[in-house]
């Protein structure tokens, strides 16, 4: 690829809520691409804590200081969203062994769909190696301290939700 | 990073010999960076089958059709080589679970050395998920067929080495 | 066991739907046994996409060209079904690490039930290492291309289900 | 810590039902601490087979011959329960790879909450390496033999539940 | 395969020494095949404790009561030995996660060599899940008790070697 | 165990060199036992960087501020050393998946030797999850910065060794 080409990446997830682990990946991805689209996967079957609009708002606040990073949402397959946005890369954070297996499965399936779009894995800071949105919610729900794991405004929103 | 910035990646390894798995990673990395340096780590303690010069020659032949990819060698730490080459990325192919653990270890250590250089993982084609230079040599050494796993000229060189 | 003995294997699963990964295991198992019974586990708690009758029909079509392979269904424990069918082997496809742990658990539990029936693991082609019925449905549901992963008639049935 | 100090551990779980694997861990933990509290986590979202009272009763019967071990229940975070009980340790049984990942995640989160309480892992006898409450219920539900996996009175209670 | 066909399996290894884990796999494999060849891989680079002749003798004593099981040795690739013996199966015992990765690698490489020969995995008794020849030697070397892990005559031979 | 009983633990390793990961485990173990013996395993086949005396000195300096922790060395099996010291526990740090498999193997073998001595696992701080003596030496050997991974006096000793 010549230097004049534009490299665009999407970073899909459910972001329920966005955590410092996600933010860490975004910080690592930002300098590697000309444009990074942090994008909410709408088609998850799971029952989220935060509404689509709440999650979009959190994503927007999280990325607002990164000039080439934006928030979006999509339904359907991530590769199809990537294609529509002319992205050549899907970014995934890689945390632990169980992740790895699922990531391989997804990446291979995505390649069958659109071979021109590849998956790139980034490793979060070791502080976030074992962090997930689920465990953050579990802690917050029981009045525990999730301060080290999410941006301050997410912490406030979780406290509101759980009335703590 | 603005579009005018140059993104440079190194892809370090022992390449003893270079395999189709390595080639697959190079093909995936090439469009993501302005310059990719496939680079031979000289400081391995292992006793290689091919000399440094033989391996450099294989690497050069493998990358010669990729306009922005070149072959090099280094001793010392990969991050220090990356720094000298003004690279911002270390590329690693990610194959299987055991890899994954070691890769985490290396990536975290590299980050402590130079936080501005990050590691990016690419996943090879599923045909190469379980491929390694060691197993290729094991097969070739016993007169097996390694045709599907290395470029043709590497196959010839291995046959010469093993007299088969 | 003398050569006059008959070796019978069951291959249990939920087959929702049957995939090329399952077919690959059946092809590998067929020459190893005198009779292979591909058998639908009815007691799963999961809410399947395809009805029992639809899945049985898919299984029958998939095995119809293998002279010693047949389709069946059972409720209860797989070892008890194996016992009733005078089978000495339970076949399992082995895909990835997470599989492996669960398979060990199942195999040990089955042995406690009927020590004379053992579990035999076969490895699918590397193209199917990371394939599962779930991911195939995920792709089909969003209008993606699942052609490489299921027999053609399964593809048609999935398209009908999802109206795509 | 001087010899006069008291070492207290909690062993939290859902115990639905308590198995010989749990009992094995309790036997290993008992001599290591001055007091061990086997404690039922009430906040699980899962739909249990046994009621809280039934599980508490099973736990009490299981620990009654261990002089320094008692049964309890808690809601909220395990670390907060530990704190209230002046415990310095959370005991966890370590079975297999998937466990391991989740355990790391939990342990790190617990440390952020209360750094003075640490997690200690014990390994069950190899007979219980792949044992879980879920697989025991699966077997019992289908009339299989779970005798080797749970205390006799738990076996009776499961048979009542499943009418077998 | 019709019932008149003969099913032959090889079980390759370094057997330095043969352990109860190997014996357990042999007992499981014996009823599944018309002939099982337990076969010593000569080409290992490792420096063995027991000579080829000593290991062959141990293997012969171990299999002597199994009518269809014999001991052999080979150099070169296991698939080529299987081919010469008209075997259709390579048997492998499957112990733990690290094994699994290596086994996949070997199985895929073997398939490329001779697609008509497949690898079949058997799981040892849980008592042997974590047993290996290396750890048995480590224990014996330091005067520990390896009685539960090897046949009695192997125990004697190890004691002689280590002078204990 | 009544409160008057003494709980003694050994923490065996090769400590070549001792790292902050080891120190972290020692800090966690100290309050759990009345006496902790950090002990050098002399029988490793590996060629160490530091002599036995150098390693003992590093261990002594590392533990000198912990009143109930001391340094020792042993040859033979760790369980036999534990028995001689009247210890009831072997402490192990648990880092990552590959560790885990080996640890299980060791723990089961140790139990066969002396069932009254059990293994207790502690998890290091997440900063040390992927730290090992080997990778620390690799970095130091190439003039990298190992400051975050070892006590200052170990850093000095490594620099001397490598002349950097």
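Here the chain labels run A, B, C, D, E and F in written order, and each chain numbers its own residues starting at 1.
The criterion applied here is as follows: contacts are C-beta pairs under 8 Å (C-beta built on N, C-alpha and C of every residue); 3 or more make two chains touch, one makes a residue touch a chain.
From a predicted model like this one, the values you see are computed outputs, not experimental measurements.
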| item | value |
| --- | --- |
| Neighbouring chains common to chain D and chain F, by label | A, E |
| Superposition rotation for chain B onto chain E, Cα-based, multiple of 5° | 120 |
| C-E against B-C, pair bridged by the larger set of C-beta contacts | C-E |
| Fraction-based call for chain C against chain A, same above half, different below | different |
| From chain B, the most remote chain by mean C-alpha position | D |
| Between chain D and chain E, centroid-to-centroid distance (C-alpha), Å | 38 |
| Rounded Å distance between chain A and chain D, as computed from the means of their C-alpha atoms | 34 |
| Per-residue multi-chain contacts in chain A, two or more chains | 97-98, 104, 108, 126, 129-130 |
| Interchain contacts (touch definition) - all pairs | A-B, A-C, A-D, A-F, B-C, B-E, B-F, C-D, C-E, D-E, D-F, E-F |
| Chain F - residues contacting chain D, complex | 1, 3, 5-7, 28, 30-34, 68, 88-89, 94, 97, 100, 103-104, 107-108, 111, 118-123, 125-126, 129 |
| Touch list for chain A against partner chain D, complex | 96-98, 130-132, 135, 138-139, 141-145, 148-149 |
| Chain A-facing residues of chain F, complex | 97, 126-127, 129-130 |
| Touching residues on chain D, where the partner in the complex is chain A | 43, 75-77, 79-80, 97-98, 101, 104-106, 108-109, 112-113 |
